[in-house]
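What follows is chain A paired twice: with chain B in the first complex and chain C in the second.
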Partner chain A sequence: MRAFKCALRVMRAHLIFPIVYIIGLSFMGIFMAMSFNFGQADEQFQPERGDFAVVDRDTSAVSAGISEALSAKGGRIEVADDRQAFQDAVAKGSVDYLLVVPEGYGDAFTTAAREGAEPPSLDVVFSYYSAEGAYLDEAVGSYLSAVRTIAAAHPEATLNKVANDALEAIGHTAHTTILETGSSMTEVDRFLFYLQWSTYTLFAGITVCIGVLTAAMGRTDVRRRSLISPLSFVSYNVQLGLACLTITVFAWLWSFGIGAATFPQAVASMTISGIIWCALSMFGFCLIPLAVGFLLGQFGASITMSNAIGNICGMVVSFLGGAWMPLDLMSPTVLHVAQCMPGYWYNKACDLAAHLSGTPTLDAIVPILQSVGVLLLFTAVLLVIALLVARLRTRTSTAGGNAAAQTVIS
Partner chain B sequence: MWNTFKYTLLWLVRSPDIMVWALLFPLVLTSVFIAMFGPLDDMAQLEPMRVAVVQPDDTTEGQAFEAFVDTMSEGNDRLLDPTFVATADDAADLVRRHAGTDEPYVGYITLDQGEPQAYVIGNVSTSGLENLESSILALMLDEYTARSYLAKELARTDPAALVDPTVSQALFEPMRATVQVHVTDNQPKESTRFYFALLGMAALFGGSMGLTACRRLKANTSALGARRTIGATNYARTVVATLAASWLLSFACLSVAFAYMEIAGGVNFAGREGACLTVVAAASLVATALGCALSAIPRIPEDGKNGILSGVVCFASLFAGLYGQPTMELADTISAAFPAADIINPATQISQAFYSIMYYDTVGPLMGHLGILCTMSILLFLVSASSLRRQRYASI
Partner chain C sequence: MNIVDVKNLVKRYGTTLALDHFNMEIERGEVFGLLGPNGSGKTTAINCILQLLTYDKGTIELFGEKMSSTRYDLKRRIGVVPQNVAVFEELTVRENIDYFCGLYVSDAAERRACVNDAIEFVGLQDYAKHRPKKLSGGLLRRLNIACGIAHKPELAFFDEPTVAVDPQSRASILQGITEMNERGTTVVYTSHYMEEVEELCNRIMIMDKGRTLAIGTNAQLKIMTGIGERIEVDVLDLPEAARAKLQGLDSVQSADYDGHVLRITCGNGQHNVSDVLGILRAFDVTPGRIWAEPPTLNDVFLEITGRDLRD
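Here is the complex of A and B:
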């Protein structure tokens, strides 16, 4: 097992790659999964909340009422009353909705309401998420509509009374209930997001590490020495393959283990078979970057090249697996392309496995097996190509074989 | 010096390892972004919500509720796309059958003993769009309930007021209370933020050129470096020419990515391409300096420094909000809570410099970001200075 040990020593000399890609980036996935808001279990309806700013130049009871009505629908952010502060808030997305209440607005609004005239308008600015802005705008409209009715019905009422009565009126709300549709966002989805994000970590990490190993072991001089050593060619390749597999297994165990340890609630709410199938799906996925790294090594890619290809492919695979944006928001064309990528099948397998309930039936397991099977097919195809390239490469002068010897002789 | 510059540039252009990072990476990711983030802006525009409505009875309240639904379903900016059904069970069945399909229903609404009620679907995707639509539907019914309460109160306390046309108009007719204005020169689009964050990431990955340049300067890391140390050319001139070539190529590659974004991606830079290219130039300078600073880390294999660069860039890009919508929201939250984190993050500074060009009508914010980027470059070059300066080697 000297070649195997030597390969691991090579990896130890480049320990920075597994530290950065496999360990470091997995913590990034953990951080993201822990930070994101995945909503609550669908038992009670929780209305959306947006961030808003009210620039109150009026300081009347009506403008205070507007702020209070908005506070029921979101969080207030303070924004200074100058153009650059407005631009700052909108450009940086710190508010979804910015409302400017001009001086004298409360009086002008109630007067218009009592005279049956068109009420004065308020200036609003929507940020990036205009749907959230429209939602908050609806809340303002609802409050002002109540103010208009009360002001028209009670011409003698003070501004304070109109504003307060309007707040009381909008306090009467309809009852909203969540329908049970069979799918809900739970803690498991946080773990699933981590598994989805791991597509990038694992792809980049394993490809780079295997690329480093094969690049180091595939150098012409090293190959020449290996070829004339008493070690058989088959034994050498098997030991090299074992070293690659060891790195892959480490990446798999680390990534899955750290995820399971960080989200124990999610793991506890999954069935044993669900956890096992999730882990197996991840292992199936890990074999693909192993094959890619091996293929790159056969092409004679340098460490920098493996690093670049691993990163680019990792990002594309995680993109098209839905780790960055849910695939249901994508166009049908992108969805079709995604189905030709391993990330899609890995995520599908994990999603199905995580939602297994009770004793799994054959009907529930078959779709997972199919997805994992597709992953294994990807690996098989890549390995066949890699072996073909390796075979062709042995005939070149860079491989250190006969062709190289001929080059030296000639 | 000119020869050093020229041949360094030629070597870098002919080096596939370098060009993959500097040119292929931004082009591939931009192409993916074009495919992925196109629907984002469409998503931000609220379409009429598909909702099932249980046919109300013929009472006054039922007619009022039906009139309310009709009002909300009319006009160009209508909010509802209703489907009337006979019973609540039919409505629930319709909603359940369409959940998770391409044409889902937000839920169904019904008038139960004079009280409007909404039954909505829960979140079924990480986009959270379902909850937003459900909230808007709930808010519409809240408004109906409030009006209904006001009408009942008026009927109880002052029935004569209800026949006053001003009051009935205020009670029943919809009102446009607000008008949307723009405070920025260009209306912010969510997808554009991702392109800015991508430019930040792509620029920083160009740091691999700085790394390579430094490797070619040091006698103990490359054969060329060893030859250069005994060459006739002044060492300071060699350093300046090598780094200038790295910066120029990094700038050129990033400019190609920028042009690709504008032409193929349809990203609108509002005719401020000149200012954008200034930011690209500053971003390339930071990237080159970052590469030089990383090359100064001792006791790490030269190849391993590329790994460190990738890790640094990936983490920096996370806080610039690159990795999708939830990451962008997380980055906004962190930015609001810890503004100092933005100042030390070059990826955030680069993307914010692009915001400044697009969304502010003064050059102040842009100059601020450019100043921070230049300061970062100087500091990073200073870090690398100790390893780049002429020195003695025990053994090369």
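Here is the complex of A and C:
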């Protein structure tokens, strides 16, 4: 097992890659999954309230009504009727909304409403710091809209009556409550999200690690030196394959283990077969980046190249697997493309496995098996390509030292 | 018994004939030099012997047995020091030697002893824990050698092991190869440094275009090519008759005089210098300084392979 041990020693020299990609990114997935807080609706709905100031130069029933309508949506702050005070109040953030009601505004507004003319304008200043000023302005707009409607509908009504009726009209609001819906996140969903995120962790991590390892072990001069020795070609490759598999198994066990340890409630709520199938699906997925890394090694890809390809492919596979946004939100075209990627089938298998209940029937297991089978097909195709490349490469001039040299493959 | 016995080896790369009925016999205990210009087929011959390349025709026997790519028992007895430094950059000096030695020696205790011997042999004791990246060119070459010979092979191939090495390291490497040979290892040595081959090898083969052009000891090759010594004599005034007399000597190939120095190129001969001095004395010419330079392997090599530039 000399080549196997040597391969692990080579990997030890590149320890930064498993640490950053496999361990680091899996922790990132854990933190992301934990940060989701959907479904925790044990509190009453509390509408946002902003601070406002009304400088009332009109002192009519309409201006009073405006103040009262605003009071229902926010807290009133007194601001002196002075331009400097206005600027200070807004600039220092002491109010979100400052309204100046000009003298004679109430009368002018109702007259315009009854005559169907353009209503007079209000001087309004919003805070730069939040959108609450706009929210408060909506309240003023609603109230004035009610005033305009009532004044036009009842031309004989006094200003006080119009203002009071308008206040009463806008006082009728819809009751708000929070309902638990099917889209709320449960612990199992969190765990599933983590498993989805792992597509990136595993694809990037394993591709980079295996790519770096096979490139190092496959350097022409070193490989030729090994071929000259009593170690057979087959034995050398089997040992190298075992080393690659060891790294893959480590990535798999680590990723699944840390997920299961972080979300024990999710694991406890799943069936044993569901857990096993989730784990097996993940292992099936892990074999794909193993094959990609092996392929990169056969091409003699550099460390930088392995990093780039591992990351880019990892992102694409995880995105099209639904790790970054739900597949339901994607267009049918993207969904079709996603079905050609392993992340889709892995996530499908995990989703089905996580929701297995009771004793699993064959009908429930078959779709999972089909998804895992697709993953294995991806692996098989990539490995065949990698082996073909390996065989071609050993026949190139770089492998033989002489132009068009033919290397004996015993 | 020949330790290497290659007969009628033919190797083609497409339409190019790389080895043309190539023959090579190496006896146990020899340091055998393999010389040839670039593209002459040296590396192809060695790669065929090591079964890294297939060949079209011929037989290769090592240690008296037919060599094939699956004769791991024979491979176990061979050591190879390739031209390029072939080590793992990720492993330390000791780990590298241990890995390559481990491909031949499975017993851990025996291997440890072999690795220690190899480190000591190439003088890398102070660098055992260093990675190759931190080693100089000469140290890297020494590591390359240690990886090839740590398992104490009976037959070792050295393919230009002193390329880009400083004189001190080169001397150390050559000394090491001599010691290995004294301990019983048969050495096949290829190099472009003629003085190394001349100093190191018992027998030398010169090949070109895939064929053996000459083979023998250093002295035999010189006789074979008919190259003798070069003599230079400081002479103030040399009569033309004296020059013509010198030119007429059987062993003299050419005698040129430029007004100050008389340059004579000799063929094989026993008394070239005394013959030249005798003629000068006969013409009352008083010689100044006299240089007599024996022929070098480089002269032999150029004589045999020609002076045309190669790719």
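FYI, the second predicted complex is superposed on the first by the 252 of 410 C-alpha atoms of A that agree within 3 Å, B and C clash if a C-alpha of one lies under 4 Å from a C-alpha of the other, contacts with A are read in each partner's own complex, and residues count from 1 in each chain.
Please note the rule applied: a residue touches a chain if its C-beta (ideal position, glycine included) is under 8 Å from a C-beta of that chain, and two chains touch if they have at least 3 such contacts.
As the structure is a computational prediction, the values presented were derived from the model and not from experiment.
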{"item": "Of chain C and chain B, partner touching more chain A residues", "value": "B"}
{"item": "Partner chain in contact with A:222 - chain B first, chain C second, else both or neither", "value": "second"}
{"item": "Contacts of A:148 with chain B and chain C, given as first, second, both or neither", "value": "first"}
{"item": "Which superposed partner A:2 touches (first chain B, second chain C, both, neither)", "value": "second"}
{"item": "Chain B versus chain C as contact partner of A:99, first or second or both or neither", "value": "first"}
{"item": "Which superposed partner A:69 touches (first chain B, second chain C, both, neither)", "value": "neither"}
{"item": "Chain B versus chain C as contact partner of A:10, first or second or both or neither", "value": "second"}
{"item": "Partner chain(s) touched by A:231 [first = chain B, second = chain C, both, neither]", "value": "second"}
{"item": "Shared chain A contacts, counted only where both chain B and chain C touch the same residue", "value": "13-14"}
{"item": "Touching residues (chain side chain A, partner chain C) in the complex", "value": "2, 5-6, 9-10, 12-14, 216, 219, 221-222, 224-232, 400-408, 410"}
{"item": "Chain B - residues contacting chain A, complex", "value": "16-18, 20-21, 24-25, 28-29, 32, 35-40, 43-46, 92, 95-96, 99-100, 107-108, 115-129, 131-132, 134-150, 153-154, 158, 161, 164-167, 169-171, 174-184, 188-190, 193, 208, 300-301, 303-308, 310-311, 314-315, 318, 323-330, 332, 335-336, 352, 355-356, 358-362, 364-365"}
{"item": "Chain C residues within the chain A interface of the complex", "value": "13-14, 18, 43-44, 47, 50-54, 69-70, 72-73, 75-76, 78, 80, 82, 84-91, 95, 99-100, 102-104, 131, 147-148"}
{"item": "List of chain A residues in touch with chain B within their complex", "value": "13-17, 19-21, 24-25, 28, 31-32, 35-39, 42, 45-48, 73, 83-84, 86-88, 90-94, 98-99, 113-116, 119, 121-132, 134-135, 137-142, 144-146, 148-154, 169-179, 181-185, 189, 193, 197, 204, 208, 212, 302-305, 307-309, 311-312, 315-316, 319-320, 323-326, 328-331, 333-334, 337"}
